[in-house]
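Look at the two complexes coming up: chain A is in both, with chain B in one and chain C in the other.
Moving on to the complex of A and B:
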């Protein structure tokens, strides 16, 4: 019955993993292309808007035309698009319409704050979500219902509203944490930590609820499978059964939600960064939208897409790592 | 945000069969409250022009940022406008956003989901790929793109949101359609030449309305969250036009002066979102009839207090295991259902005892009760288990696990599913070995390979490197036996060890068990409904029916002269053996369900010899001869001709 594939040692054989990664990368190309094109087309659908943004509505027709010419907007759409795309691939995302700074430079200044938030949030969601989920799966009863209630509330409270409440409570009333601003990690680690607490709590609540639910369901499912009984009937201690075997198997479905939780967190930064005045990509996107800075927002779309693609890649690798069936087939 | 949840739930929404969700919905207090609150909020938003005490735009600079007063029930904002009036008018904008987002998403999602689910194949794959792609884009960023091109247009923004989020309803509709598609009447409709469109509209769609309603309601919550989010950012209309999200945003700007303002719109939004999700989840619960097994905690324990009332403990040095009066109940909120009813038996060292009966008679449950491995909801409520002269009934759960594997071990009928797929066979064996005896990893590895060789697996070293899904059923069962042997148990409980295997493999496994028993001297309790297995291996046999032991004799005397009509019925089907489901052709009817056992003889309904007397009182086990017991009051009449 054993297939010939099993002849080779399955340990340390990463070529199937490599294939997995390759497949995801291949899939990412159309995704990247699709998102960039969609946003570009959306903007192009509104003629004249770019020149209008720069000049205001009171400029003369000649002035508009001059701007259009200088930005290449008088060219056919396809040509403009291909031009933008090939520049983007080389890292040139054009200049901001608002203050003429290079878009990539504007974005790069904001990356540290955004990465600090999204990475911390993802870790917080995983650590707390998995812990709560395991407790809930094992204990059930009251704790279960309590967690259910909290997570229903956690999902119903808009993150920005929660953020504002937290600022009011912990920063304005009791000055436990700074209300706003961001301290760079290179500047001061404790300052960074302090400035991160409120935004990370705000953005993690719904993710924790999601991971808790997924972990609980997965743990319940795994604990009901026959192999758990085998381990029990053979005298393996309960601790090992839960934390080594059940958790390891439950981790597989849990990993699959990381990608979705991450997209949730990234979307959340758009709403929440402003509340805490964190100088990140999300806040930049909002100000780009409010100033109609289309080249800037276009560049941010590119970065968002790249971030999501890389996270999906990491999730895939983790998934393959946890699921030997994938790794070896 | 909460799109994650919606997507999570997406695949779980099932198709309901006979439903009147609405009436059931009203019977649930939570949902009823949610519906009332939601309707009140919607109605009062619609009637805002009549209900609002003030013009929502009227500024009163003498009353700025007041807390609730008698004039302004919810206070005033930074420009002296009445908060209550603005909330009422703001509800129109916020609820309109919900309608826009949801209707676009459903309009796109339902037809595409239907098409993907109905046609399957290439269409499905193409649509699913596209969906996967869309799902990894955060909707909000593309909505910001729209805002940068079309400033302050909330309608277009919500439509864009709908276009970007239709994947959620699509997935639900697709999953539900796939379920319906396979059903007979759809096939019949296809064969009879109805057009695909007609089948989808007339036959599939009505069946998947339930999941669509659920999804639509939950999606409202998501759309509202999104709508107030973009309004909060201040990207929609000016601050004059009230909306809940915009009001939270305005409150945030003046939060240093006054913190009250964020709460009325914020709490109202939370309330509406909660209402939507409570209603959606309740409909789901009503529509998707889950087989809700009493959700009990995983770590359950044997009730310690039943010992006082348990029957006298049979302690006999002759026996390795004595089980007395074993009782197992299924505990539900309403009533307790007895599954195993006073089972008493004993096993000598080195003996093989068969436990025979149709499915649902309580054979496996009895065995699992001894091991304290009952599934959730089942509990051992009476009886005692004495092993090797020691009463183990009172042993605490914390200590009990040490007994498993080293005194008695268990192999199941699902060999592959019984092995943790994420670990190699070798590491599973090592772990079990090391939880019984202290030894180094390399020693344990050596012993693991020895055990694999002992169960006659070819090339044990290679097998140790494989995982469960790389093994055949027979190999997996051998591994299961190796695991069970690792603790050198004195009793092996084998729960239909060959049922899932091919006939030739069955014989091999039985031969292996016999050999191992001779070599190790362990006793075996063999649960089976296969008489062939009994005749091959067993010294004595217990026959179980509806939670009771109905006959007990040496295997030989059962075959020679069974003294219970049920056993005879079982044996009557011997030529055919039993089929996979344990249903036996020689006896009509089926085993009565626990909870509906008759008062008298439980087999009476199916017994050709039954009289009125059989149905009156409980029948007790009668000792016919030294080694033969039967739970039948008519044995002397029925079997008189041949019995002696």
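Moving on to the complex of A and C:
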């Protein structure tokens, strides 16, 4: 019976894969606290006053002070930070300074929409980018140049512009997809799919272009190596050479790019959520920043940091899976 | 042959089975749909787009909230008086409003049998508590309006008299849906702590908290305690927060929302082509407020006059209002009580004169200043056009195009010395209370303006017009504002609804009047 990757051996040693995951997790903890602390300091330096946002400019100095006092903003910075930090450790990110609603609730209401977009986009980029990249590397010639041209176009067209064009065509002219909004997956699967198509296409185009180029270059590099010729001369079938050997070897830089594409999509949601009026985290971040709602901004930073750390962890685990040297290092 | 025949028979029987199953499904679905349509008639739902969301539901703080056509407040709060399409005032929660001598008191008679959404009754004592709340709650928007209010006398269960130190001839407007002051909240809510997070009025609808997702979708359902249930037209009103104006327009064209207010003039042709109803009235006065009149180059009246002479108002009006744009250099257009034909050419387009005035003021090489603007109702367009006119006389104007909350909080502050405006037309009294007489981050008050305004308040019908014009003359002579155009306010709505008309008397539609088209 073979030992699975997550098991310990008879001497109680962890498998290399589990060690890799634990190492990365351990590294993520101080990183998470560092990012959260730094952002707390930076957010505190943002100009603007929540008291003025709430009361307008016609209030008296006493009224502003009263609001600041009621929100705890009159206390020393370090005290506020430690208070926020100890509450955050217990899962309490505080209340929005703007309308007093719990920050976690405001963010959780928007998580599904944002995750739907970024996960769908990443999958679309992965599937189409890798497929186009492999085809481009194997065929060369006209198809290669055509895909290259499309990739360049995908990178050149700004997301929001593409979004506006897609809405005009597919929502307003042909009425195939809705122009705005998000339908929850729990509410209707087909409705969810319909509401996702245009935002996902808008955000995926540049990601597909990046993944296509990276896959093509990596595949070409691997296909030119001596072990591929050895496999060919040994009569190993072409399909097996491409998908089992070449693609696996070419996958490491592609995985890196996918991780970066994911992060790019996450930041791209800010614009695309505006164009399609999708109620996600990006729009919430914009509105929190414009109202100087520092507690909400800090909560969003915590969530964004957690998402990015998780993605990096997944990428690292995939490295280890694809390359034994990494998991044993 | 035998095999073939049996195969054909099998295929044919399989096809028959398919037809039967398909038929059964179709019939079944027809029965289900018929029975469901019999059991539950289609709900009447109104979808409203809003560019923003209020920080609080308290009308004393959000001022009735103009966003989403005032939906957030108007749906849940009935006003004391209802402003009609003609601009007159009809009974609302109050059945009668009578002014006393010199307009220094207002006797209000309340409607009997009215209950708030929390079940408490509408009483004179409760309305008094509301006015006191509106006067004292931090961040209230009625400081200026309620300044002359000296006392409130409760007379029985349904009568009360408001006494003022100065005449308040326009006070009924403050108690109508255009303002939050007349949107009385329940006395229970005033005493409690939830005014900001839950509406508590005596309006047609209540907020359905279960289906509301804060800052995204606000769902309103009929108020079971409403005093006039037959006036409720919708089973549900959904206010969707769509912060991007292009996305809002797209949603209208795609039929995902039924109505959106404050659309741009530039979209009129596209809206008509898409089959939307377009409503408009010349209502917005476009220009720039010079708040920074106490510091820097703008503190010199010659400089302000120079800037006023630098603008080609005809071209600006065409840019902002198309064929319907009206050029004006006053904070009024012909037909308004303070419009004075005698000064219609006070600041005629004259870049040469503008440069001469700058030299005279000691700025021969120009200067630089900033301004606050917003990409709503063409304000960003006017800001950029103004900058190009000033560049021609050697002055650099740098506008900041802000988001809605920033604009609202900073427009009268001291972050920028100027602020672009697209301000609704009104009487001198409304203008003074809501804008001209407001303190800013630079100017706390203007004694001469206050004195002239007082003359308007005490004016007899015979000398009212002259007094109103004097106020206009003063603010234009001192260039508190540089105005250039009166432009139409445009609203789009689905052909499936009616009641979203804009008129000169009531430029902002009242969401309660919206109903399904017949």
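Note that in this section the second predicted complex is superposed on the first by the 310 of 329 C-alpha atoms of A that agree within 3 Å, B and C clash if a C-alpha of one lies under 4 Å from a C-alpha of the other, contacts with A are read in each partner's own complex, and residues count from 1 in each chain.
We adopt the following convention: a residue touches a chain if its C-beta (ideal position, glycine included) is under 8 Å from a C-beta of that chain, and two chains touch if they have at least 3 such contacts.
What you see is a predicted model; the values in this text were computed from it and never measured.
Student: Have a look at chain B and chain C on chain A after the superposition and call it: clash or fit.
Tutor: clash
Student: So in the superposed three-chain picture, is A:99 touching just chain B, just chain C, both, or none of them (first/second/both/neither)?
Tutor: Touch status of A:99: second partner only.
Student: Quick one: classify A:277 as touching chain B (first), chain C (second), both or neither.
Tutor: second
Student: Quick check for you: in the superposed arrangement, does A:290 touch first (chain B), second (chain C), both or neither?
Tutor: Both partners.
Student: Going by the contact rule set out at the top, does A:240 touch chain B (first), chain C (second), both, or neither?
Tutor: Touch status of A:240: first partner only.
Student: Between chain B (first) and chain C (second), which, if any, makes contact with A:34: first, second, both or neither?
Tutor: first
Student: Could you say whether A:167 touches chain B, chain C, both of them, or neither, answering first, second, both or neither?
Tutor: In the superposition, A:167 contacts both chain B and chain C.
Student: Between chain B and chain C, point out the one touching more chain A residues.
Tutor: In the superposed model, B touches more residues of chain A.
Student: Using the touch definition from the top, say if A:313 reaches chain B (first), chain C (second), both or neither.
Tutor: So A:313 meets neither chain B nor chain C here.
Student: Who does A:150 touch here: chain B (first), chain C (second), both, or neither?
Tutor: So A:150 meets neither chain B nor chain C here.
Student: Touching A:227, do we find chain B (first), chain C (second), both, or neither?
Tutor: first
Student: Which chain A residues are contacted by chain C in one complex and by chain B in the other?
Tutor: Looking at chain A, the two contact sets intersect at 164, 167, 172, 274-275, 286, 290-291.
Student: So in the complex, the part of chain A that touches chain C is made up of which residues?
Tutor: Per the stated touch rule, the residues are 48, 52-59, 63, 66-67, 98-101, 106, 109-110, 164, 167, 171-172, 175, 178-181, 274-277, 279, 283-284, 286-287, 290-291.
Student: Residue numbers of chain A touching chain B in their complex, please.
Tutor: My answer: residues 1-3, 6, 9-11, 30-31, 34-35, 38-39, 42-43, 45-46, 49, 137-141, 144, 152-153, 155-161, 164-165, 167-168, 172, 206-207, 209-210, 213-214, 220, 223-227, 229-238, 240, 244-245, 248-249, 252, 257, 259-261, 263-264, 266-268, 270-271, 274-275, 285-286, 288-294, 297-298, 300-301, 304-305, 308-309, 312, 322-325, 328.
Student: Can you list the residues on chain B that touch chain A in the complex?
Tutor: 1-5, 7-8, 133, 135-142, 144-151, 160, 221, 225, 228-229, 232-235, 245, 248, 251-252, 255-256, 259, 262, 266, 269-270, 273-274, 277-278, 295-299, 368, 371, 373, 375-376, 401-406, 409-412, 414, 417-424, 431-432, 435-436, 462, 465-472, 475, 480, 483-484, 486-487, 493
Student: Mind listing the chain C positions that touch chain A in their complex?
Tutor: Residues of chain C touching chain A: 55-56, 138-139, 141, 143, 196-197, 213-217, 240-244, 246-248, 250-251, 253-254, 256, 274, 403-406, 408-413, 438-441.
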